[in-house]
Amino acid sequence: SCPYSDVLSSEEIVRYSRQIIMPQICKSGQIKLKESKILIVGAGGLGCPASLYLAAAGVGEIHIVDYDEVELSNLHRQILHYEHDIGLPKVQSASEKLKRLNSNIKIVPLHIHAFSSITDFVQKNKYDAVLDCTDNAPTRYLLNDICVIHNIPLVSGSALQMEGQLTVYHYNNGPCYRCLFPKPPPAHTVTNCGDGGVLGSVCGVIGVLQALETVKILTQMEGVLSGRLLIFDGSETTFRNVKLRQRVTTCEVCGDNPKIKEPVDYEQFCGARAHDKVVNINIL
Amino acid sequence: SCPYSDVLSSEEIVRYSRQIIMPQICKSGQIKLKESKILIVGAGGLGCPASLYLAAAGVGEIHIVDYDEVELSNLHRQILHYEHDIGLPKVQSASEKLKRLNSNIKIVPLHIHAFSSITDFVQKNKYDAVLDCTDNAPTRYLLNDICVIHNIPLVSGSALQMEGQLTVYHYNNGPCYRCLFPKPPPAHTVTNCGDGGVLGSVCGVIGVLQALETVKILTQMEGVLSGRLLIFDGSETTFRNVKLRQRVTTCEVCGDNPKIKEPVDYEQFCGARAHDKVVNINIL
Amino acid sequence: MHITVEFGGGAELLFDNKKSHDVTLPEKDKEWIIKDLLIWIKDNLLKERPELFLQDESVRPGILVLINDADWELMDTVNYVIQENDRILFISTLHGG
Amino acid sequence: MHITVEFGGGAELLFDNKKSHDVTLPEKDKEWIIKDLLIWIKDNLLKERPELFLQDESVRPGILVLINDADWELMDTVNYVIQENDRILFISTLHGG
């Protein structure tokens, strides 16, 4: 069946039957999922579970951006990559699996550096949602600004060691990343998963929850995590749902008189590089 | 390297490096994971993500029980199964992927009916933890009683529509399933995912959290979800962590003078059948 | 007396699919205990099929009662004396997977 | 005055790796506001490298302050008047993925 048809095939009706029978989804929600196009930035610890559950749920077109290749040290948490994928681009490894899982949808692997080329892709495509599954502050500011400029909700997850955080930016008059963090963190206070470590299942919880928020956005459900931050502590298995500020009217990008109307120099802004790679640490 | 060695190979050190550098795991925790043997009952919506994250984390030996074959309507949530797996036993489909993900560990697919044969397997194997990823009340009572009788912690997850629940039974003097539910629910009040539907990512959150609790049990971390119940409402993305009763001294299986010393007739006890299959519902 | 009565795990289906109810309990001579509340819920909130909620003057098997996020077994179950602003949650256990 | 001061997202590493601190603030002439608390924390709880926690008489960029689970921007930030039993959480944002 044509992936752009607004009618579900009988194969699709059976495939998605267990979610179509839910009153929150039903057939209209399934069609909305099918007609959606999303961008997932990062095919690592968050992007793997997020893309897996969104492909399984029937999101019609999924673009995945990552410039890295699969390494052995990724496999404990980046669960779309297997041993024989080591050395392949992560987006290739991921998209092969996702296509085998669901041939009804379109998976577009983008083996590009998010940092240098993403602006073009967002300009060319009308994404219904963007998932921030990246690993560094400059890219997080870049994605935020692009999403605000193009008016796309940004489903933002992060994880480190036993903790995770999740929120949706620029949705339903909620705040954007810059509303919360107008100034970047000092570069030496930012720790990535390569340096600090992370438990795979902690990434997994946040990545799957990113998929859930995306499904809720695409099907126009209530209860999206906008203006709220979910704080997960895996060491106690506790979650806190805290209330965030509203959109800040003086925000440089989403405020009433925005200064930032196109992407700026984020590496200079953050005083940090935007790559995910870390030098291997000898822990022996 | 020998999967039973208590020394990690240099390949394993690199593979698990991002969790070994965490103070909560370090090398001793990784060795504990490698020396562990667990049983996952159910290779469906909960068992798929749980087994995926436990295999990736390096649990040394994973037995997976399921009698069903992969159906098209499973694929939206049972994310280890792809289109070409339809018709195969779920345990075969799952174990093929898990072996490709991690050849250092032993995956044992058990294509048996949990209900009829599981007692033998628990008697023969000294499991360090059992994961209840099943779909019906009789099997949940059966697993509870076997785990109490053999003194094994039971990591219990469940999901339906937009909601999920998670707890660990019979651990650290916490309650067992029978302590909470001495009487079974009336059979007509029990809804499974086939009948009521479920969102894939809601299963995913609970299944990944089951993997997390299992890692914490196997590495002897604090903060295991025993004597507490996590209640997840995906429609609002809220989690509640409620305090449960202690072990009940008069409990028929884990109490001070237990009546139940071997499995009983659970289908009669619950007035319900213990199979997961449902007649396909015509939702057109 | 104001309290919040909540339903989850499917129990809300018996209550117009509403998960949270702001409830003002009428004044009465004696203190309100959970046993009284169950009757009040049956008469005032329950929309259908009381046997799916109540059984033998308590909740039916398979429903957990949580008073301010603690198991009612820790608080004397049906005899707990309800306090102003208590949050009382009735949750069906899920079995799906 | 008793309050709970909490740290998360890695901020606890500056506080002996302890995530929750029961704090009794000494009595003083004027009310305690968050600005006073920041100085008190620096003098009494902070174990190392204050520049990773404080900057320009506020918290450093990248740390969110939550007063009873609400963003301090909703409560006048450093000028919020602390109340008995408040829970004040300082959480570093995570960037890993």
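Going by the order they are written in, the chains are A, B, C and D; count residues from 1 in each one.
Quick note on the criterion: a contact is a pair of C-beta atoms (placed from the backbone, for glycine too) under 8 Å apart; a residue touches a chain by one contact, two chains touch by 3 or more.
Chain labels with UniProt names: C, D = Ubiquitin-related modifier 1 homolog.
Values in this document were obtained by computation on a predicted structure and should not be read as measured data.
Starting from the mean Cα coordinates of chain C and chain D, work out the distance between those two points in Å.
Distance between chain centres: 38 Å.
Find the geometric centre of each of chain B and chain C from their Cα atoms only, then give the gap between the two centres in Å, rounded to an integer.
That pair's centroid distance is 30 Å.
Going by the touch rule set out above, which residues of chain B reach two or more other chains?
In chain B, 161, 193, 196, 198, 241 touch at least two other chains.
Graph of touching chains, which shape: line, ring, star, complete, other?
Looks like a simple chain-to-chain line, open at both ends.
Touching pairs of chains, which are they?
Per the contact definition above, the touching pairs are A-B, A-D, B-C.
Sort out for me which residues of chain C touch chain B in the complex.
For this pair, the touching residues of chain C are 8-10, 19, 51-52, 60-62, 64, 66, 69-71, 73-74, 89, 91-97.
Which stretch or stretches of chain A touch chain B in the complex?
That would be residues 10-11, 13-22, 24-25, 27, 49, 52-53, 56-58, 72-73, 75-77, 79, 82-84, 97, 100-103, 161-162, 166, 193-194, 196-202, 204-205, 208-209, 211-213, 215, 221-225, 228, 230, 234-239, 241, 280-281, 283-284 of chain A.
Which positions of chain A touch chain D when the two form their complex?
Spelled out, the residues of chain A in touch with chain D are 42, 44-47, 132-137, 140, 157-161, 163-165, 180-186, 189-193, 196, 198, 203, 229, 231, 233, 240-245, 248.
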